[in-house]
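These notes concern the structure reproduced below.
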């Protein structure tokens, strides 16, 4: 392609620079001590600039798809996959999200991780993550996407278990990876199926085949469902969402970057990327939506009783991701990506703010021990408020426009049940986010005196990123989302989602009504939260007493972890134990040793025949001779 | 049954008698004697064959002669061995020689 | 019956003679009786050779067996006579099995082989004369003859080696 | 006599027998002087490695048949020749062998205290046998190397092994011996079948693999060969020698065992089972793939339950080698399914690097902690960060992280299975999940904290990896990444030989009898034996 | 100068027999007994050289032959027959003669030190040994059952004596007695069998028997029963000598009790002679019927392989273990006879010839190592006594390991080629299942052979067990040079042979093949 030389270089550098940062930091970081961040942060800064360039390119060439096959990756018999990059508008958006948030989080980490013994290690991992994430979004084939996909999984594992001396952290890291692997199982099979029917794994080829109708409907559904399995793992959707809350064991910047803004979006991105496949399968779309909405409400329900500030945000993330799936499933593809776009900023912001809060509280994460921080850490407070409002969908913050499009889309698509559930979710979201803000920043400080004495605003390296992220969290919607359902982003993504949802938005009509309804829901929710957690703080306890099962179910995450411990995990371990103890040791090895033992026994058993008396020997001889004669005569005679 | 076979029948019987002696008698010298009976049975068969079988050209007779001489050698060696053992163990009961077994 | 009635009668007598003496050898409890039975058995065999028109073999049978082997055996018996053991020890523990095996063996061998047909078997003596035999020995059979002499050398040396007294050295 | 016609230099023989020369040099000059014999061992293995790299360079990937061939009459009465030569598959495995040869020499530098010279001699002799197996183009020469290799391994396990070393050594030996004796019978049968039908007695593998054998012969001879190789691989359910041998063997032994010896099974199937007996091979595909899939899952599940680090890695080998057999046989089940076969070969290579490395890691850990009990470790990542880093790297390579070597091969061979049977592929893919489970669990229990909130402090000071140890690992790291990112380098060697094999098998696919039940055929052919 | 064929045919045997007498005579007049070993070895070597020359004569190497015979030549290149068919000389016999002589030389080398240490007379020993070899040569060249039987006895009778040669040793004399009783018993059976064969065919020469059998067959007579009995009785004699089950029971006891060099000699040479002699008898006299008669051997072969190997498993005395192992090897060898009969070609027999040489090398080596260890330290032939040998006597241990590996049949040792060639014959004969049995049994055998290796290398010696003075060293003749060199030499020769022939089996394979050129149909 003419004129893409710069982009080619940029794309190459986008992936290579973080990788270089990773290698250099891993090898030499320890010697650089406190200065270990310089090189990786520099790399990421350049990368962010380059990714903005990528976005700009996409902006300027929105009808073009840049594909660059760097080299042949795997060629084996009929199987061929290049190592190739692709840039289109969807990639552009993702580049922007990942580049900017990644860069911001790096800067934030300088302050946050200051003094940690694994300082260099942290930056190395972050850089590796950036590498993998960029490969994921730049990949031009499912297989390379999968490489990035698993790569981010690896980094997620490393970063969650960053403080590996804590058992809970090492456990959570392992859990995250294995749960993701279960999803990847589906992804892998999906790739096989795609290759079997289309003969390629490159997006262009696969989608061309899909559009030509080369793939039968049944197969398409299978492919989509299997891909969805992968997405469920990565994007923490029910039933594979259980890893994400635990992932909060990692340092907060990790939560912000990986478990809110970028990696968890990969599933959404992948489904969106597979748009040409999904649109051909009604069943798959329905499943996507169903999974999404169920996850959304479930996560909200759980979030409402969580006391750990990061856990609340984690569940809110699951819920938000559920919303994105709802959007995809409802056919509001752009809305989904729009929400992803906005969510990246405000959720990243929320996590970073919570990190700032935790930092201020000296590591305390329990909201019951916070309160009244409004004045003590004002920057954090204001930025977090922006993030929260954006999250709950308060006009005119970014979240509002995106969420509204999704909720509206379900209604317009005629999925009224989904719409109702979505509205309930919106209400719950407002309540728990309000609860978070109010418990943290309002009321009396409930922390120990010693902790209170040390509460302080975070250093500029942390607050500046907050402010930087707060801007898009607040304004993004106004910039790209107006007018609703027809904003700039719709036009931008149209080349990718070429069957756009053409429902004209009318303020004084169905669209306006829906918007008003959702806005009212949010306000009601916030008011309830204000009433419960600022005015009548004893009421929540009374509610909990009134419906203890509901409260406990929520508090215990609907017991899913406990069920999983018994059914898949326990059963597998039990089966494995049986295989080892009984099948391997007793049966198989038992047979082996038994045969050996048997020979020995036969040998021992035969020894007495050798009596030592020569006449016995003569008897054997004579007897043997007679028997031979008899047998032989008989055989020959017959 | 022809004449040769009658003689062979005698040889078989004598052979088996000798074999029984080897298998059942305790005295090792009697075992040696029984072995001689067996060799005599062989010779009987040979000479009988030589007598009755056309075209044998005396081979049987000569074979018998050789066997007689060999039997003598065998007895000499056998008895020497018996004596050597007798000197070691002071017994001629052959079934007590069972140090080597298993 | 071989060779007519008279011949048959002789055959029966000789056969019974040989077998009874043979049984005597293996059944007599006193080993000296056995030895005597053995000598008579050898004599019976010698008669049989004579009957079978092999006088040379008969003569040598008497010379070697009756004259030499029996004597050597009797010497050995006398040498070891000191302890012949208690009465019940004449037969070993496997005597019953041995008897059955020997009987079955004789039966099987005889029945299997003697029920077969091996072609024309002459009735009259075909045994070559003494002169012919001597010629054969020093012509065709010189090889086994020489070997037999080596066997005798070996037996002699062997017997000397084994029968040497304690501490005696060549 | 025709020495190699291409380069005028018998490079394969030199690679094969360099270590033997090293042994002689050691016996002459090295007695009682550890530095001398170690250096000699290192030099000859390095030289062999350099030569094998050179061999890869001069190897013409697009050319079919054996290259760098040498052929000299050896045992004239039976027309057995000393024939050496490599195709792409063998070339790669020779390379792997010489690489691991160097690695184990470096890694064993201070490993054994007792009868050290004998240890190095055994390692060198082992290398002779291993390289010879891959290079031999004469069936007999192959067999000789195949069996001769047993003896040094027997000594390595038996003399320098762990507490149950005798049991392990004898078990290893007997298992392999039973298989190879059956193979010997099949070799004889095959060779004389050819002699009876063509009038020429030859042991040349290439010529033999062009003959069409009768069904009876194919079925039982296939089985004989297959059992020999399946034991080596090892396939479920003849795998139980492996954990014992691995656990008891010294580190170098485990590395070689896992890294090279297991590959011989896969190599043998590719070289003999498929081209010699295509009809039987095709008929047995469902059985073999089924067993392989069982092995994948079974090995993974059992690995999960292991308390001994080495045993865990050993069972993981069972699981991983399942991909090899599954890939190979699924690859021949359909026309043009080369991906499975090539993937299987890549798995062999990658497993050589990775499991070899993992065993090295376990060895290094053992030297420090004096235990292999997983339960006695924990939080070792703190005092041993470098070791933990390498360990993590190889663990992830082993669980098939894309971008590292494990992934490409497993993906391709799984893909091959998928083309053959979707359900089997789906079941096998569960093995990939389980691999993550047992490896990460192992890593957590050893390097991370698995015991509540207290950090487990080792009661003795631990020294992190030294330069020598790192030097033994770095080459493996390089190739693990290389194979993961740019597998083309390796895959290029495979296209032609794999295609040759598949071309040989293809006619059998359309054969009506290929559809018959393999067992029925087998029963029939066994009856023919009597 | 042309001489009667009969004499030239006998030449190797005559050389050995004369040496036997010479040794015994010299013994009477000479005080230095160590000369006797040289003399005996020289006699055997001369016999072997003459035989090799005869081989060369047939294969074109006439020059070599002339050097030895001063210009004597055979009439042609055909096999020579002597004494009107009583003996026949051919490549087969020559191969066997060379083999017997070679084993004899090694046995002499092994014996000298042993005899000196046990204070036994050496002159008679070597004399008897050479007589035995003469008997073996007779078996190999006989083509008449009379000559065959006399040779058989010439081989057997002195062997009984040698087994009990250390007559003061209860075990040795007991072994001798057992060997004598069972041996004489089987001789009688064999003789009866030969007599019945004579009765059936009216002939004693192999060719005559073959003709007689053909006549019987052509005549359509129901002679089978008679032949069965005759044949089984002959086979019994054969099975006894090669210790095939159930005619094997003497072997473990005798091997264990006999002086170790004698055991080595019996296990190798006597077995070889039995195989060679009977193979010739079976194939020349009964070749046409052999395919049917081979069936009875199958039963024997399987029993022998199984019982030999299985009973070797629990043995902890090495001599006894090797005895059982030699039984097992007899089973493998028997397969060769069956195969040859079944397929009607010669591969089976030439496999036997090769295997015998291979087996002789490794077995003599193994026994030699035992003698060597015994000469160096107090050793009771037990497995436990080997513990730590790899450290204490590294060279010895390596050699022992080599012999064990070879006995197991692992390349690149000669034992492997033996098995390979044998299995080849069996498979070619279409008896693959039998080969599978053999293979399974040889896997079983690997266990006890390798156990020796593991005791030597994987176990440590008990404190103070090593480096003791030889137990009976006191009996060494004063002033005599140490005869241990002979043992060491024999073991090293065997070891080199195992390895070199293992690597380059071509010439020996050629010889084993060439040995059959004139046998079948002759």
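To keep things simple, chains are lettered A, B, C, D and E as they appear, and every chain counts its residues starting from 1.
Methods note: contacts are C-beta pairs under 8 Å (C-beta built on N, C-alpha and C of every residue); 3 or more make two chains touch, one makes a residue touch a chain.
Computed from a prediction, not measured in an experiment: that's the story for all the values here.
Counting only chains that touch, the fewest steps needed to get from subunit A to subunit D is 1. Note: the chain lying farthest from subunit D is C, by mean C-alpha position. Most remote from subunit B, judged by the distance between CA-atom centroids, is A. Innermost chain of the displayed assembly, by C-alpha centre distance to the whole-protein C-alpha centre, is D. Interface comparison, A-B versus B-C: the pair with the greater number of contacting C-beta pairs is B-C. Work out the mean CA point of subunit A and of subunit C, and you get 102 Å between them. For this pair, subunit B with subunit D, the centres built from the Cα atoms lie 64 Å apart. Rounded to whole angstrom, the centroid-to-centroid distance between subunit C and subunit D, based on C-alpha atoms, equals 69 Å.
Averaging C-alpha coordinates per chain places the centre of subunit C 31 Å away from that of subunit E.
Listed for subunit D are residues 174, each touching two or more other chains. Counting partner chains per residue, subunit A has residues 596, 607, 610, 612-616, 618-619, 622-623, 625, 629, 633 touching two or more of them. Within subunit E, residues 146, 150, 153, 157, 160-161, 164, 167-168, 176-178, 181, 185, 189, 196, 199, 224-225, 228-229, 252-253, 447 each touch two or more of the remaining chains. A list of each chain pair in contact follows: A-B, A-C, A-D, A-E, B-C, B-E, C-E, D-E. Against subunit B, the residues of subunit C that register as touching in their complex are 1-3, 11, 15, 18-19, 22-23, 25-26, 31, 34-35, 38, 41-42, 45, 48-49, 52-54, 56-57, 60-61, 64-65, 68-69, 72-73, 76-77, 79-80, 83-85, 89-95, 98-99, 101-103, 105-106, 109-110, 113-114, 120-123, 125-128, 132-133, 136-137, 141, 144-145, 148, 151-152, 154-156, 158-163, 166. Interface residues of subunit E facing subunit C in the complex, by the touch rule stated above, are 6, 10, 17, 20-21, 24, 27-28, 82-84, 86-87, 121, 123-124, 127-128, 131-132, 134-135, 138, 144, 146-147, 150-151, 153-154, 157-158, 160-161, 164-165, 167-168, 176, 196, 199-200, 215-216, 219, 221-230. Those residues of subunit A that touch subunit E in the complex are listed here as 596, 599-600, 602-604, 606-607, 609-610, 612, 614-618, 620-625, 628-629, 631-633, 635-637.
Listed in rising order, the residues of subunit D touching subunit E in the complex are 74-78, 115, 143-144, 147-148, 150-151, 154-155, 158-159, 165-166, 169-170, 173-174, 177-178, 181-182, 184-185, 188-189, 192, 220, 529-530. Only residues 4, 8, 11, 15, 18-19, 22, 28, 31-32, 35, 38-39, 41-42, 45-46, 48-49, 53-56, 59-60, 62-63, 66-67, 70, 73-74, 77-78, 80-82, 84-85, 87-89, 94, 97, 99-102 of subunit B touch subunit E when the two sit together in their complex.
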